[in-house]
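You will see subunit A twice below: alongside subunit B first, and alongside subunit C after that.
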Partner chain A sequence: MFADGLFLVFAVLAVLGAVGLVLFRHPMNGAMSFVVTLIALAGLYALLSAKLIFALQLIVYAGAIMSLIVFIIMFLNIQPADLPQEETKLLSILGGGIVVLPIGWFLFKIVKSLPMHSVAIMGTDFGGVKEVGLVLFRDWLIPFEIVSILLLVSLVGAVILAGKRGTAK
Partner chain B sequence: MSQLDLLLLVLRVAFGAFVPLCFIAVLVWMERRGAAFFQDRSGPNRAHIFGFRAGGLVQNLADAIKLITKEDIVPDHVKHKFYFVLAPVIVFSIAILSFAAVPFADALILGGKKYLMQTIPTDLGILWFLALAGFAVYGIILAGWSSHSKYGILGGLRAAAQVISYEIPMGFAIISALVVYGTVNLTEIAHYQGQLLFGFIPMWGVVVQPLGAIIFIVAAFAEANRTPFDLAEGESELVAGFHVEYSSMKFGMFFMGEYVAMFTSSAIIVTLYFGGYQIPWFSTEVLVNNARAITVLLMLLMPACAWIFIRWMHKNNRSHYDCPDDHRVREALIYAKIIWGVVAALEIVLFIYLITVSGGAADRILVALLQIATFLVKTTLMCFVYVWVRWTLPRFRYDQLQKLGWQILLPLSLLNIFVTSAVVVALN
Partner chain C sequence: MMHCYLYLSIILFCLGMVGVIARRNVFTVFMSIELMLNAANLVFVTFARVHEHVDGHVLAMMVMAVAAAEAALALAVVILLHKHKSKLDTNVFSLLKG
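Take a look at the complex of A and B:
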């Protein structure tokens, strides 16, 4: 019962944060409401007893990436006057809503038609650091390494791009 | 949930909430008296209540009253008042929350059940600390940005850039420590450090990971925005940095948050590298098996320590000038009586414990209390290192700070990971 309540709270917060990200005009407001979404998602992971993913979500997304984005917003010191005028914003939101509505209705019908399934909590070790690590490094070692190479490539690319601008000056 | 479960839950949460708060007072006092000690002066020792000055602790009370009763101003030019108020709340509450995963005693086994002695009994351990350390940046960024003044935004930028860049060497130092310990669970990490190296050296993190310990401590200093890395609030250039526009208790929250963060990072340093709650050479099982002998030893040691302390107090707590009815001497006499009273009460408690309930569960509780005391003593000593460094080293220049972080600590910590992993693989 308590978990159900928590799920509702986190789900509502996640959706509200995402809505805020789209609707707020000031970038700082948007970023902070997105932080709320990320924290709420971390809470949902914790409810699924995925402990490691919960921690990683907080460390990487809510902690590192968003704090960099907020840092850049502060660094550029964007004021409302610097933002482009969006006169058709309301219309676009309305149009987007109308386009998304059938998909949402479709999803709702699918979720309702799912058969009831008894859910039980997996063993206490599920989703812990050791278990995820074993799966990652035993069964999925090559995909994992390929993804890390992908990250390395983007890192090197970012450094080269930043370096080029420096030499051109 | 039995009554014992509930009681332990309440006790642990109370410990996690109140001990950092109490340490604010202790640390502010230590900072001031420490600063005075390093600069060869007395420090605050005049504020008193009916002549009781408690070695200067009463000054904290006076400061608290001053801060609370000051006018709470939100400057007119602040546009985002919500973030302006939110920032100190984030800094303070994140600092307290990050203490929640630190074990302050070994897992307590009562009635066949194991109770992790952490505020939140999770095995996430160090990951929890890392997750919350990332959030502390938001408080600083929001404070600097919403202050909407040049000093504020410059201080916020400096602090945020510093915290973000020092998180990387800190994370790498933690990784190499985790390679050695083989777990992220802080209770198990402290357990590991209870072993002995070559049979006589306590296997503390600082012995098996000396380089990692140094990198982590330096990075922790930078994370806590303490001197020599406190140029976010460099008075001579930025007035007070990101909290320049704050007054009254909003400033107080930043102030207390800084000391709670100092306490928490000391606790983490102690847990990772200085054995945590472990009493060197005495593992939990040894202590439990010899609980009676240790109790007798405690009963003998306590009066001796009290006697030495009271001698020292009488020698120092007197006026430097001849005065007929020195009230400081009277104060010291009353303190001596209080200390003897406490010692006598403890002796009685220990004696009752010895003749009635020793053996069984009471032994484990006694050992847990001893370990809590050890943990707090170690953390206090680590906090003293913070004070020591603050009043000894000058402030870094900003480019030197970034150079130290990216060009020295980062390669060193990477090297440390490789060497540690090679040694661990070779030894297995």
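Take a look at the complex of A and C:
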């Protein structure tokens, strides 16, 4: 019962943060409300007994990625005049909603056809560092190495893209 | 109870898609994509719990790593575009238009 109440709180927070992200004009306000969504999602992962993913969501997503985004937003020093003039914002959001509605309805139908299953909190070691680590380094070793190469490539690419342009010419 | 998590993830995914379609601010579009990735993560973790197998957690970690790589590259591109055009409007970034 307690877990159901927590789920409701986190779900409402997540949806409110996402709505704020879509509606706020300044990207800084959007980023702050997106952080609320990410932290609420971390709480949902904890309710699903995903202990390691809960910690990673807080450290990597809410910590590292969002602070990078907020840093870039502040780095560009955006004035309200620099923002795109979106006079028909509500109208285009309504249009986007109409476009997305069939997709959401389709997914809703699929989920409705799934059999019922309990997702109560597990007291065992499920989702801890040891269990996830064993699976990660036994069954998923090659994808893990490929992801590490991807991160290296994106690091070098970001440095080359955002680095000094004058020296190349 | 499992269905509630999946419905929430559908709602978040649709909101992210609306953000990508309707908004013109580069940062908002970018964060909407992150929101869609997070909705996918929630589905992975929910099904990992349903089947009591941690493969879903590993996949969620992979998605996080890809999101981090995407964030680094996308923000570098945004800085570059802001240097050239000093605008954040996706309608201005039409360099590939013939």
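The rule is short, and it goes like this: the second predicted complex is superposed on the first by the 157 of 169 C-alpha atoms of A that agree within 3 Å, B and C clash if a C-alpha of one lies under 4 Å from a C-alpha of the other, contacts with A are read in each partner's own complex, and residues count from 1 in each chain.
One rule holds in what follows: a contact is a pair of C-beta atoms (placed from the backbone, for glycine too) under 8 Å apart; a residue touches a chain by one contact, two chains touch by 3 or more.
Nothing here was measured: the structure is a model prediction, and the numbers come from that model.
Peer 1: With the two structures overlaid on subunit A, would subunit B and subunit C clash, or do they fit side by side?
Peer 2: These partners fit in the superposed model.
Peer 1: Counting only touches as set out at the top, which of subunit B and subunit C does A:Pro143 meet: first, second, both, neither?
Peer 2: In the superposition, A:Pro143 touches subunit C alone.
Peer 1: Looking at A:Leu151 after the superposition, I want to know if it touches subunit B, subunit C, both of them or none. Which is it: first, second, both, neither?
Peer 2: second
Peer 1: Tell me which touches more residues of subunit A here: subunit C or subunit B.
Peer 2: The partner making contact with more of subunit A's residues is C.
Peer 1: Quick one: is A:Pro27 in contact with subunit B, with subunit C, with both, or with neither? Answer first, second, both or neither.
Peer 2: Only subunit C is touched by A:Pro27; subunit B is not.
Peer 1: Per the contact definition in the header, classify A:Ala55: touching subunit B only (first), subunit C only (second), both, or neither.
Peer 2: So A:Ala55 only meets subunit B here.
Peer 1: After the superposition on A, what does A:Leu68 contact: first (subunit B), second (subunit C), both or neither?
Peer 2: both
Peer 1: Once the structures are superposed on A, label A:Gly127 by its partner contacts, choosing first (subunit B), second (subunit C), both or neither.
Peer 2: second
Peer 1: By how many Å are the closest C-alpha atoms of subunit B and subunit C apart after the superposition?
Peer 2: 15
Peer 1: Going by the contact definition given at the top, which residues of subunit A touch subunit B in one complex and subunit C in the other?
Peer 2: Looking at subunit A, the two contact sets intersect at 52, 56, 64, 68, 73, 75.
Peer 1: Spell out the part of subunit A that touches subunit B in their complex, as residue ranges.
Peer 2: Touch list, subunit A to subunit B: 28, 32, 35, 51-52, 54-56, 58-59, 62-64, 67-68, 70-71, 73-75, 77, 128-129.
Peer 1: Across the complex, what residues on subunit B touch subunit A?
Peer 2: 80, 83, 122-124, 127-128, 130-135, 137-138, 141-142, 144-145, 153, 156-157, 160-161, 164, 167, 183-184
Peer 1: Under the definition above, what is the set of subunit C residues touching subunit A in their complex?
Peer 2: 1-8, 10-19, 21-25, 27-28, 30-32, 34-35, 38, 41-42, 45-46, 48-50, 52, 54-55, 57-58, 60-62, 64-73, 75-80, 82, 86-92
Peer 1: Once bound in the complex, which stretches of subunit A touch subunit C?
Peer 2: Going through subunit A, the ones touching subunit C are 4, 7, 11, 14-15, 18-19, 21-22, 24-25, 27, 30-31, 34, 37-38, 41, 44-45, 48-50, 52-53, 56-57, 60-61, 64-65, 68-69, 72-73, 75-76, 78, 82-84, 86, 89, 92-93, 95-97, 99-101, 103-104, 107-108, 111-112, 114, 116-120, 122, 126-127, 131-132, 135-136, 139-140, 143-144, 147, 150-151, 153-155, 157-158, 161-162.
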